[in-house]
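A, B, C, D, E, F, G and H are the chain letters, set down in written order, and residue numbers restart from 1 in every chain.
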Amino acid sequence: MNSEEILKLLKKIGEGKLTPEAAVERLKHMPFEDLGFAKVDHHRALRQGYAEVVFGKGKTPAQVGEIVRAMIRHRESRQNILVTRANTKTLAAVKRVSRSAMFHPASGVITIERNKEITGKGTILVVSAGTSDIPVAEEALLTARMMGNRAEQLYDVGVAGIHRLLEHRILLSEARVIICIAGMEGALPSVVGGLVGVPVIAVPTSTGYGASFGGVTALLGMLNSCASNVTVVNIDNGFGAACVASCINRL
Amino acid sequence: MNSEEILKLLKKIGEGKLTPEAAVERLKHMPFEDLGFAKVDHHRALRQGYAEVVFGKGKTPAQVGEIVRAMIRHRESRQNILVTRANTKTLAAVKRVSRSAMFHPASGVITIERNKEITGKGTILVVSAGTSDIPVAEEALLTARMMGNRAEQLYDVGVAGIHRLLEHRILLSEARVIICIAGMEGALPSVVGGLVGVPVIAVPTSTGYGASFGGVTALLGMLNSCASNVTVVNIDNGFGAACVASCINRL
Amino acid sequence: MNSEEILKLLKKIGEGKLTPEAAVERLKHMPFEDLGFAKVDHHRALRQGYAEVVFGKGKTPAQVGEIVRAMIRHRESRQNILVTRANTKTLAAVKRVSRSAMFHPASGVITIERNKEITGKGTILVVSAGTSDIPVAEEALLTARMMGNRAEQLYDVGVAGIHRLLEHRILLSEARVIICIAGMEGALPSVVGGLVGVPVIAVPTSTGYGASFGGVTALLGMLNSCASNVTVVNIDNGFGAACVASCINRL
Amino acid sequence: MNSEEILKLLKKIGEGKLTPEAAVERLKHMPFEDLGFAKVDHHRALRQGYAEVVFGKGKTPAQVGEIVRAMIRHRESRQNILVTRANTKTLAAVKRVSRSAMFHPASGVITIERNKEITGKGTILVVSAGTSDIPVAEEALLTARMMGNRAEQLYDVGVAGIHRLLEHRILLSEARVIICIAGMEGALPSVVGGLVGVPVIAVPTSTGYGASFGGVTALLGMLNSCASNVTVVNIDNGFGAACVASCINRL
Amino acid sequence: MNSEEILKLLKKIGEGKLTPEAAVERLKHMPFEDLGFAKVDHHRALRQGYAEVVFGKGKTPAQVGEIVRAMIRHRESRQNILVTRANTKTLAAVKRVSRSAMFHPASGVITIERNKEITGKGTILVVSAGTSDIPVAEEALLTARMMGNRAEQLYDVGVAGIHRLLEHRILLSEARVIICIAGMEGALPSVVGGLVGVPVIAVPTSTGYGASFGGVTALLGMLNSCASNVTVVNIDNGFGAACVASCINRL
Amino acid sequence: MNSEEILKLLKKIGEGKLTPEAAVERLKHMPFEDLGFAKVDHHRALRQGYAEVVFGKGKTPAQVGEIVRAMIRHRESRQNILVTRANTKTLAAVKRVSRSAMFHPASGVITIERNKEITGKGTILVVSAGTSDIPVAEEALLTARMMGNRAEQLYDVGVAGIHRLLEHRILLSEARVIICIAGMEGALPSVVGGLVGVPVIAVPTSTGYGASFGGVTALLGMLNSCASNVTVVNIDNGFGAACVASCINRL
Amino acid sequence: MNSEEILKLLKKIGEGKLTPEAAVERLKHMPFEDLGFAKVDHHRALRQGYAEVVFGKGKTPAQVGEIVRAMIRHRESRQNILVTRANTKTLAAVKRVSRSAMFHPASGVITIERNKEITGKGTILVVSAGTSDIPVAEEALLTARMMGNRAEQLYDVGVAGIHRLLEHRILLSEARVIICIAGMEGALPSVVGGLVGVPVIAVPTSTGYGASFGGVTALLGMLNSCASNVTVVNIDNGFGAACVASCINRL
Amino acid sequence: MNSEEILKLLKKIGEGKLTPEAAVERLKHMPFEDLGFAKVDHHRALRQGYAEVVFGKGKTPAQVGEIVRAMIRHRESRQNILVTRANTKTLAAVKRVSRSAMFHPASGVITIERNKEITGKGTILVVSAGTSDIPVAEEALLTARMMGNRAEQLYDVGVAGIHRLLEHRILLSEARVIICIAGMEGALPSVVGGLVGVPVIAVPTSTGYGASFGGVTALLGMLNSCASNVTVVNIDNGFGAACVASCINRL
């Protein structure tokens, strides 16, 4: 039952075909989202819609291709499309649907850019500690850009060579939101957080070995950061960090 | 905005004071639970209401006393009242509100029985492994009874003396739902589950020491039970097990 | 030694061929399950027999084929047969034994339906949060059906889009038992449990990555559910959840 | 060595009293923050200075009193002062220093309000699941306010009674940043995150028992949130969540 | 129903007062342990009965006193009595029942020696690593002795001073069973196991701090012992180790 | 410096070529194991030598072949040879060295029987819970036999069908040592331990899924066994359990 | 059997009272440490003896007093004496034995300085992150000094205010060994390790709350340090860090 | 901006071409490491430069080849080059760049020796427990040698055969630093630490199975070592242990 149906129902009251009491009864049992919840959906579309996203892991190339086709056909919107955790087979399937699909092998991300409008107010800076953190960093960077943000990168500035980070303090100070990606001991967000006054989204990565426990050590380190402007997302979740950063950057 | 208000609104349409279109707009923004969600609340009351429950831990005796007073005054219903994780100080505060309050020191439960009606269809049997599991067992037993069930107990039938359990097979076979409480290795539900055809709600307890890890070992054991009619609730959650058992026993 | 043999023995006493004292001695050493334990077996057969089950994982296709052949030949009963955690090779082996075997690739379940009788009293509803939870959901759904239950599904109603769940409140309210399947934060059973008055069997799934720890996060979330009608089974144990649900649905 | 000193040094070159080469040597060994780092400090003061904060835990009342005295005396600024994790003894010591100190017993926070200016752009909404989460919620609320934000509260809207939350959707939609506090299964941020388009800072609390593991279950649940606008801080860290929220609210 | 009762029943058949068929029915429902399971109990008594044991923790002094009184009055046997995890209050209660009760403050064990017979075939040697392991060591030593074994001690021979252990190789070589108690890294059983040819029962202790995790580190170390004659019991379970050792020493 | 060298040294004293004082000095600095430690080695050989063992995992087939060749050539003893964690490739390499090598595919054990003498005093019974525990059970069984013990098996007697175990109580009662192997909840040793008076060596297995955590749940369950004659070895360590059992069986 | 006894034995050979062959036999069975192991002890004394140490935790004041008395009376050496984890009661007992005992309340260390000789070659620098790490830092500092080292401190230089650390780079560069103490995310050693070329001993502390897990997070962070000159000791083990640092500083 | 540039800037002041005030402004914004931080870099080069290191894991053979080519071409230094965690494919790529590259298959290390100078003062001894620890041991040994140290090995001296270790006490006593490598229970460093007076760097290895948890058990054991001269690095981190040992050996 949607707004039109409700309107019809209410018109019947106006026309005297239905008593108000009977209408109350019918409204009580009607699936309520039909009243106003379409707004919620709409709201979600507006909010997240700066990019259509497919989480590629666990889907066959054919399935991903179908979903992307639906996105392209179904919507009149010209939103960017993002497929995360994809591979070259997925790419082939997506290419068949959209020639403009581009694959980013370091992060396994496929992008279909249809809209170059910048809607974020400032720059999102993606900072990462080591070379092995780059896949997650690139996923964050591409997500941020596909969602309409200016996004810059600052890689390989781990805390054991603190001067490398300090050299780029101006870059740090120019960001409106910082995504900070690190594995191993996960200390980078604490240092970065201490150097800036903007929110820092920390992303632990599963790089490392032994007692890095697949990113748990970095995760715990970030949760215990002594810098008070640091929050944390799940291990390897570059996509999620960019979503939050994008969401902040539009405020 | 409740049903009366909606009725008023709809009457205005009938009276021509409001166009159907304007009414749709107003309905769209109205807090929707006022349409039908009161039913939900009512439903919850009906469903859980066979006993009013106060979780005593972390509340002062005075606070518990106030809540119980409100329960007694506010409702016309004659539901039983249950205070869990209470102590003698809480009892004193509750006694001031209701003379019929009874304290069960083994489990720290206070009961105010106002309704002796049995609404559960069969018997809930509370089985426990060791004497140190009795506080949790008693919490389950009293909760089950306050919620309108016939509930029996079978204590101290741990698996290292399997004949003690086997002696009571008739008792086991007569239950409609079994709550099975054990600490240490938590093996009792597997054995009991294998002997009966009814659902077994397993409750791990925090008794034990060393590698019992405050009930985690028992919890894990129960989750891995090789009997296929066993489900599990949180450590020491005798109350929760009895809620589920009661909920099953009314089906 | 079964009842007939005992009867024979006792008849000898009646006939004076055996002294009561000698009979006591013989009874003492007789394998006791022969007295009454056959009943247990029988009982188990009755209870679980609505479906014969083979846990396919770790068995060769040939082994599974042999077991299914024995089930078909040995029993006069016309119970349904279920092979869980199977693959297409297993299917081939089972097909050779029974042409009516059907494979369900999403869940890796093979079913041989021989009995369409519905013995469960109400409907078991299988609710799942995300598309990656569908394999476990389907295992639960098929198990429930093979065990003689009406079983319905409600998929992709995760809590981050709560309106999708709320839209189906009537479906939820019509179920007699609900199986609720979720990975990641495992929050769905709490929301569902709060909306209904029937038992909810929660199944954590191993989907997710990073700090989902192969389903441990969902498992812990479900064990700590603030809804009091929720119990939990092992990670990915759709089969077990359906067993318990079926067991409840026959009460 | 600050800017003035550097200026003096450089003037000596201009005056021919120092060779450029000697000056380079002296500059090389000078504590470098004196060049530009005072800016950092100043920046930190500006950034965090909307409130002076003392972490009360592990400090004696006398120590806290001394620190607060120094804050009041030393600075000409009229920033608000906040003491977290305090008790009535701490209060007595602080009262001796500032009569306007107020104690908030639920959260153990002491506030000295000296500046009522609102510098945050929108409203920070603090949402909490259960009554036992209120201490953490209040710590967040008071911190947000002391840091110059409009902050509202929405308590006791746990996910097992989802309609309580849905009733307040307008309140949710009006917030610029949401702090979402929950213990047990920690599911609230996922539901809230799905209803709004602004950043949600999730705070797990150590309430609960058994397999809640002192807040670890809630923490893990939040890190695995299926809502993409959720980030997480440490267990019970209401203060930290408000710092981040305040930092976002000034953007 | 015991043997006598069965005999009576069978005699009735012999006397024609009961048909064999009716007797079968009655036997089927009789608690089966009455047939032969009394033997089990008797067996348990014989097996464990070299000492009557009360686990003192979680029992009031009065309760312990009552249990000991029952042990003394009820049984004609002259078995030793052992109360573990007791304190001086428990002692007072036990002293009222038996003047010969002795308290061992290091381990919190109360012993009532009534039987000095040695039934174990060889010597049980209790080896411990550090002075803080002595409470557990003494619990093991006293348990072993109360259960009728010759038991010797070798304390403070931790692996970081390996010569202290090697000095006592003759003592080690003379034991029939060794109980090896250690906290921290729990390495002692590996070294001892490599020096002897008899079974070594390893007991981890909860001494230590930080990453000793209350004995978990020692427990894990012992489970991974590279000596192939080492088995392990729970943390701090000196009593259990002595039970197993005693059980082996009687073979 | 070996015994011969010491003898030479001492003879010099006898011959007056060396003062006793000088000899003491030289002895002080001599590598002490040369005095008597060969005895230790010899002792180890005697003790463990009933079977020569090669841990096959992590060794190439060629390496295993070489080690077995050395065992056969080097020693005059006719001890049995055991290769654990082997595969058919290893077998081929061993076959080249010894034609009598036999492969046991369920457990991946290769045996070369050269000595059929039984040196253990009683029977070692290997009890296992499920069919998936058989690889570990067979490793234990073969190890026990190769080490000169009579060893029997009792498989598939899990606790959820307790009557299957109880049927074999006579077999249980005839064993001198019991090895008890179980995965999932690991409850079998508690039940078996309660039925017998001999030592029970519990072996957790890594079978199961989800919250079985690769055998950790079974391990913890066994460490918390409420039967006092149970000790535990590492997960899947059938070999180690048989070593300890063999060591006990020779006492 | 000590050196004198061996001398006697060897003299008998010289005197012809014992054949060399018989002497070899007797030597073989003699506890070998009597030959040379006293040297080990002596060696240990020399090595560790720069300070006599009593671990105060778990010992009564009287016991600590007795041990210190023995240290003072028994040894002619004038080594410093250190009691760790002590309190004022312990102090009173130690004061009775030695008037020069000094108590350091921040760390709970008692020192009796008897020897001011500096035997370490360079300076040990103790660096700590937060004020709550000072107890552990002081334990390390006092231990280092009592063991004959020059030891300096650099406190409150956490990584979230990196300039505070960088200001003291000269101090860092002058140390021969650095002890680096931090709780929470434990990131300090990585930054310090990157700034210096000497070994850094990292000590995690149990400060923090929530997901700091009593120091485990800091411990894991340090083990995963991306600086290659960092090693780690147990949580809160300031004493141990100073032992290792002292050991390095004498090389 | 380097020293030369600063000099130029300061000269302009001397020449009157720049006011001191303008120079201060420029200095304030100059990347400060250009002042003195080049020293840091230089220092790092000096410190670590005894070997150029490439961490091979996660890099393609081509990438490793490129990095090694750059090392060879770019630097005039004749430092040794080390590639860790490499394989034969990596070797092929490196061989193309440098013919003198040698592959060490046990550890997966590639070395290019260009400098045989010994800069470490004493001997680094690498001690390992079992044959499966050799890969890590060899990584440590080769790293130590490539960094200019004399390094010796002592393998297969696990604690369950303590005499094997004691035989080599002279070797132990001659080392200046000891790297001690062990899996399973990780007890070796405690025993070694007790026998020597020099620092012992403990490396846990991921060998073992079941409750060895990929090296966690060994790691925890080492952190809890009762020997006070033991520090610990990450699991399998032979390279890191050698870095620290080398760093100590140059002091």
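Just so we're on the same page, a residue touches a chain if its C-beta (ideal position, glycine included) is under 8 Å from a C-beta of that chain, and two chains touch if they have at least 3 such contacts.
From a predicted model like this one, the values you see are computed outputs, not experimental measurements.
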Per the touch definition, the chains contacting both chain E and chain H are F, G
To the nearest 5 degrees, please report the angle of the rotation taking chain C's Cα atoms onto chain E. 180
Based on mean C-alpha positions, I'd like to know which chain lies farthest from chain G. C
Go ahead and note the Å separation of the Cα centroids belonging to chain E and chain G. 39
Based only on mean CA positions, could you tell me how far chain D sits from chain F in angstrom? 60
Scan chain D for residues touching two or more other chains and write them down. 29, 32, 40, 44, 161, 166, 194-195, 210-212, 216, 219, 223-224, 228, 234
Inter-chain touches occur between A-B, A-C, A-D, A-G, A-H, B-C, B-D, B-E, B-F, C-D, C-E, C-F, D-G, D-H, E-F, E-G, E-H, F-G, F-H, G-H
If you look only at chain B, which of its residues touch chain D in the complex? 31-33, 37, 40-41, 44, 57-58, 204, 206, 214-216, 219, 234-237
Chain C residues touching chain E in their complex are 3, 6-7, 10-11, 13-14, 16, 19-21, 23-24, 27-29, 32, 35-36, 39
So in the complex, which bits of chain E are touching chain G? 132, 161, 163, 166-170, 207, 209-212
Within their complex, state which residues of chain B touch chain C. 40, 43-44, 46-48, 121-122, 176-177, 194-195, 197-199, 201, 219, 223-224, 228-234, 239-241, 243-244, 247-248, 251
Complex contact set, residues of chain B against chain F: 129-130, 158-162, 166, 184-187, 190-191, 193-195, 208, 210-213, 216-218, 220-227
